[in-house]
Each structure stands twice: as structure tokens, then as C-alpha cells.
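Look for subunit A in each of the two complexes below; its partner is subunit B in the first and subunit C in the second.
Up next is the complex of A and B:
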């Protein structure tokens, strides 16, 4: 205790320790700011890339189904099977095919999805439909 | 001295806080900007998908109903019956498609394009069209003659004989072949005008080239393939498109407006 007291009461004063402490705290603060900045910026970019990936994946999948004529049947189970064949296992989906005289939709509502895509579909039998869809990670 | 030290310490903390706030501001702006870019991208992609799917829909209707078959290569071939009896069906389906897209989006398909059903070979700027779609005349009008020649192949269910093909005037730009019932056929090459008769001398078709414009006329039902032979290589992919004002997309909620042709092939 005596030694500590001696240490804190040097004849030249305490300014060395105060400045050192100040510098350490400053470096510590700057490090925290920098690390949290990089962390948050990366996190934000990740979230954005995820959104874009989901959106593009949805567009790609439903375009492939349309071009390959998998939507022509206007049958829910047939469309679901086609989607599940090509959709990566770690994603879930919903769709709603609104035709002139018929609506075909998946169990889950499209409106609950974060990013929705939509496209116009003309089937082989010239049924005119709008396909709304959403893809998200499970 | 102590006062100066205190001021320096305060200044130090002040600068540290300013740096901290500065970083916070930069991160916040980065968040906002990044999110805006993503939203812009998604909006643009939504518009693009709607645009492409509308064009795909038009192509489906064209393929199923127009009665015109197009083969694309260095030679472009258009095959259809003349007179084309699909005009009413095509007009009705196009009108229905336009009403459908209009009911959900501000997407307008110019239904008047079915009047002459003009198809442009781009980038060669060659226009294949009907004087009145459903009527008996087809024309091909190039802006410049940037291909080798026209070759017209006619198929009829009438019987042809040795005098069926009657070609006149010398032109290296037009060859015509005709095939009739029972394996009969005839042809006329390097002609300016051409008449096809059946074996009872009834005029079946008339083909003419003037000012590089090809005209094919037939009031009797024939199947005609118009070949635009050996297109010059203009260094770009060849597309077959409608008129430039065929499709208008005005998604004002996204700030997106587009007027364009529809790619058919």
C-alpha cells in the first residue's frame, strides 16, 4: 500500500500516468469505434445481399418454370412440385397465380413475404395470369 | 498551467466525441445509401421482369395465333398462309392481352400493330409487313439492300405444269420456286416479276420486286415462305422485332417509363 501511495505521489507529479491513461482510453475508444463500424457496415451489406439473392432467386425460378411450361397446368400441386424440384432446400416460398378465371396459390400467403416479385404469364392455352411470388430462407 | 492542461484534456475528449459522432454519421449514411441502392435495384428489376414477361406473353400469343413461323439464321425465313386467315384471332387475343395487362399495371400494348403486323429485322432495318393483315399482300421493304437476295417458296394445293412459272425482267435479287399438288413444281430465278398459274391457267400468285421492295400477292390460298438470303454481317446479333412503339410501360410508382419494340424472335 505504501508502495502504491509512493507511486501515485512522485515528486515530478502524476501527469505521466494521466496522459498514458488518456492515450490508452483514446486508443481503446478508437478501436471500439472502428471495429463496430466495420461490423455494422458488413452486417448491413450482408442483409442487403440476402434480400437481393432472395429476389433474384425468385425471379430466376419462376422464369424457368414459365419458360419450361410448368405453369401451363394451372394446378397447385404440379406447380409446387416443380418449384420444390429446383428451389434450394434452405429456402421456402409462396406464390399466387391470378388468372382471368382462376386463382392458384400456395398454402402460405405471398403478402407475408418481405420481397415480392411479380410477372405476367401467358400459358400454352393462352390463359392470361399474373404470378406473384416470394422466396425466403427457412 | 493546470487550466491549460484541463483545456487540452477537454479538447481531447471533444475531438474523440466528434470522431465518434463522425463515424456514426458515416455508418448511418452508408446504411441509408446502401438500402436505397438495394431498393432502386429491386424496383428496376421488378420493372425489368414485368417488361420481359409481357414480351414473353406477346411472343406466346404471336407463336400460337398469328400463323407466321420465323426461322432465324444468316437467312431469315417468314412462312405463312396468304391470305392469312388468323387475323381476327390474333387481333382478339392481342386486345385481350392488352386489356389484361392494363387492368393490373400501366402496361400498354399497341393493338394497332396487328393492322399490318410489321416485323423488323434488326439491325438490318428490313421491314416485313402486310398491307392489311389478313388481306392478300405481303411486302418486304429494306432501308438498304444489305443482304444477298430474296427467295420466295410457294406451296399450293393446285396442280402445276410446265407453263405455271412465268418470270419476267432480269433481276439478280429474286428467285422463286413453286410446288404444287401431286409433286408438281417449277421455278424462276433472277427475275423482276413472277406469276404463278395452275394447270388451268388461273393466276395463283404474283411476286414483284421494284425499288428493292418485294411484293407478294395472292388471293388464292397459298403457303408462302419469304427468305431474306444471306444477311450482311453487321457485327450485332440479328433480332426480329415489332414496331418501336409496340410496348409502353409506365410504372409511375417506381418512376419507370419505357416505350419499346417487342422482340418476337
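Up next is the complex of A and C:
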């Protein structure tokens, strides 16, 4: 035992071990930083493009419905049918159309959705309304 | 006697311990270095793929934005399609112009790629109704370009909802490599 102890306490002793431990820790740290930064960058960009697509989809649908006069009826069921005809099946939606004398609203609240938008709508009866909407994947 | 024996034993084993230590540390270091290089190489490839895909997505999104939100440059480019600088397919925001679409689907595929600044990629454009059927513009199918194949490296499809003659249709633009 004494002899073994003596070996490890030689002038050049366990210097190599310290170097290998240092290299192991350094490479381990580099790998951790590399892996985590890669996943962080990946995640952020995926979310951005997804949100942009959802934003465009919502904006398109409600602009087109307004242009085609499908919001003029101020009837909840009629507006819901128009939206469901063109909205991709893998998306869900909510809306709230606030006019001077009437509020038309879907079952779900707009405030609970992630991607929201709003636009001003003028109906055939010259009612000035604000359409607030939300779109999200099912 | 014991001291002499120990010294001779130490001097005999000293070189072995140092080489064993060097061998172990060098092996561990090489294993880690090779792992790091492999991980780095893998990540670089994935990052390159990600950058290409993002470039493709960005271009597809920008092109569809211009197609459905602008009239193009010049404003009435459909009267002289040879002088078009920017292609836009609407007469008003999200309202398709049949004349512009008619001119657009008659254009040369390579010319359109040049105008969109997507010479490195291929594209497929079509307009479908809510049932997925191609719409007809002046007895021609509203489509242009090449469909992606199964061997395509990256494919991105952007769908925009637009108005055509009072009904809602889907403008679909697929960019692929």
C-alpha cells in the first residue's frame, strides 16, 4: 500500500490525470453549450414561422369575408358557417364583432387565444364595427 | 536492504505509471475529441439544413405576401407583361384580378423565377376552391410551375385565402429545392 502511495506521489505524480480531467470538463462544457444553443435557436425560429402563418391566415380570412360582404348579416351562425367553409380543418377560431348597437360573438373568448388580430368593418347599413379574432391550431 | 529494494522497484515501475497515465488520458481525450467533432459536424449539417429551410420559408412568405396584397409594378402590368418588374395578382387587397392571373399563368416559368428571385429553387403555383379543385381562368387551369417530387430536399407550401368573383378561394404557392 505504501509502495502504491509512493508511486502516486512521485514528482511528476498524477499530473496527467489533472490534464485529462481538465480536458474532459472543457469538452463536456463545450458540448452542453453547443447542444443547448442549437436547440434554443431551433425552437425560437420554428415558433416565429408558425405564428406568422397563423397571423396571415387569420388576417386573410377576415379580410376576405369583409370584402365579400359575409360579415354584413351580423348573424353569428351565418358568420360561423362562412369561416368554417374556408378555415383549414386543423385550425380553430374565435371572434367578437362589436358594432354600435350589437355584439356578435363566437362561443369561445378571443382573449384566450395566442394569435389575435382586429380590423374595422363597415357593414352595408353603414354600421361601424370592430372585428376581433383569434386563430390557433387544434 | 529494504530501502535499496524499494528504490530499485520504484525506478523500475516509474516509467510504466507515467506511460499508463499518458495512454489513459490520451485515449479519453481522443474519444472526447472525436465525439465533439462528430457532434459538431452533425450540428453543422442540421444548421445548414435549417438555414436553407428558413430561406425557403422566408422567400415563399414574402412572395405570397406580394402576390395577394399588391397590384404589382407597374400597376397595370397585365397590359404589357414583358415590362413587369414586380408581379402582383390582385386589383384590391386580397381580391384577385382575372386579367393579372391570366397573364401570370401564361408567363415563362424561368422568367417568373427570375422575377421572384428564386433561380436556385423551383415552384408550383395554383388556385383552388374550398373543395380543393383547381379553378379555371378563361378556360385555363389556374396553375403554373413544376410540382415537387418525392426526392425534393425541402418543400414549403404557403396557402393564402383570397376573394375571386365574390367567393373565397385558396392561392397556394409551393417553393421547393
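Note that the second predicted complex is superposed on the first by the 125 of 138 C-alpha atoms of A that agree within 3 Å, B and C clash if a C-alpha of one lies under 4 Å from a C-alpha of the other, contacts with A are read in each partner's own complex, and residues count from 1 in each chain.
Everything below uses one rule, namely that a contact is a pair of C-beta atoms (placed from the backbone, for glycine too) under 8 Å apart; a residue touches a chain by one contact, two chains touch by 3 or more.
A quick note: this is a predicted structure, and the numbers were derived from the prediction, not measured.
When the shared chain is aligned, subunit C comes close enough to touch A:68, but subunit B does not. In the superposition on chain A, contact is made by A:52 with both subunit B and subunit C. In the superposed model, A:30 makes contact with both subunit B and subunit C. Once the two complexes are overlaid on the shared chain, A:88 sits against subunit C while remaining clear of subunit B. By the document's definition of touching, of the two partners only subunit C reaches A:60; subunit B does not. In the superposition on chain A, contact is made by A:122 with subunit B only, not with subunit C.
Overlap of the subunit B and subunit C contact sets on subunit A: residues 15, 30, 34, 45, 52, 56, 63, 67. Considering their complex, residues 6, 9-10, 13-14, 17-18, 21-22, 24-25, 28-29, 32-33, 35-36, 39-40, 43, 46-47, 50, 54, 57, 61, 65, 68, 92-95, 130, 158-163, 166-168, 170 of subunit C touch subunit A. Contacts from subunit B toward subunit A in the complex involve residues 5, 9, 12, 16, 19-20, 23, 26-27, 30-31, 34-35, 37-38, 41-42, 45-46, 49-50, 52-54, 56-58, 60-61, 64-65, 93, 96-97, 100-101, 104, 107. In the complex of the two chains, the subunit A residues touching subunit B come out as 15, 22, 26, 29-30, 33-34, 37, 40-41, 44-45, 48, 51-52, 55-56, 59, 63, 66-67, 100, 115, 117-124, 126, 128, 130. Of all residues in subunit A, only 3, 6-7, 10, 12, 14-17, 19-20, 23-24, 27-28, 30-31, 34-35, 38, 42, 45, 49, 52-53, 56-57, 60-61, 63-65, 67-68, 82, 85-86, 88 touch subunit C in the complex they form.
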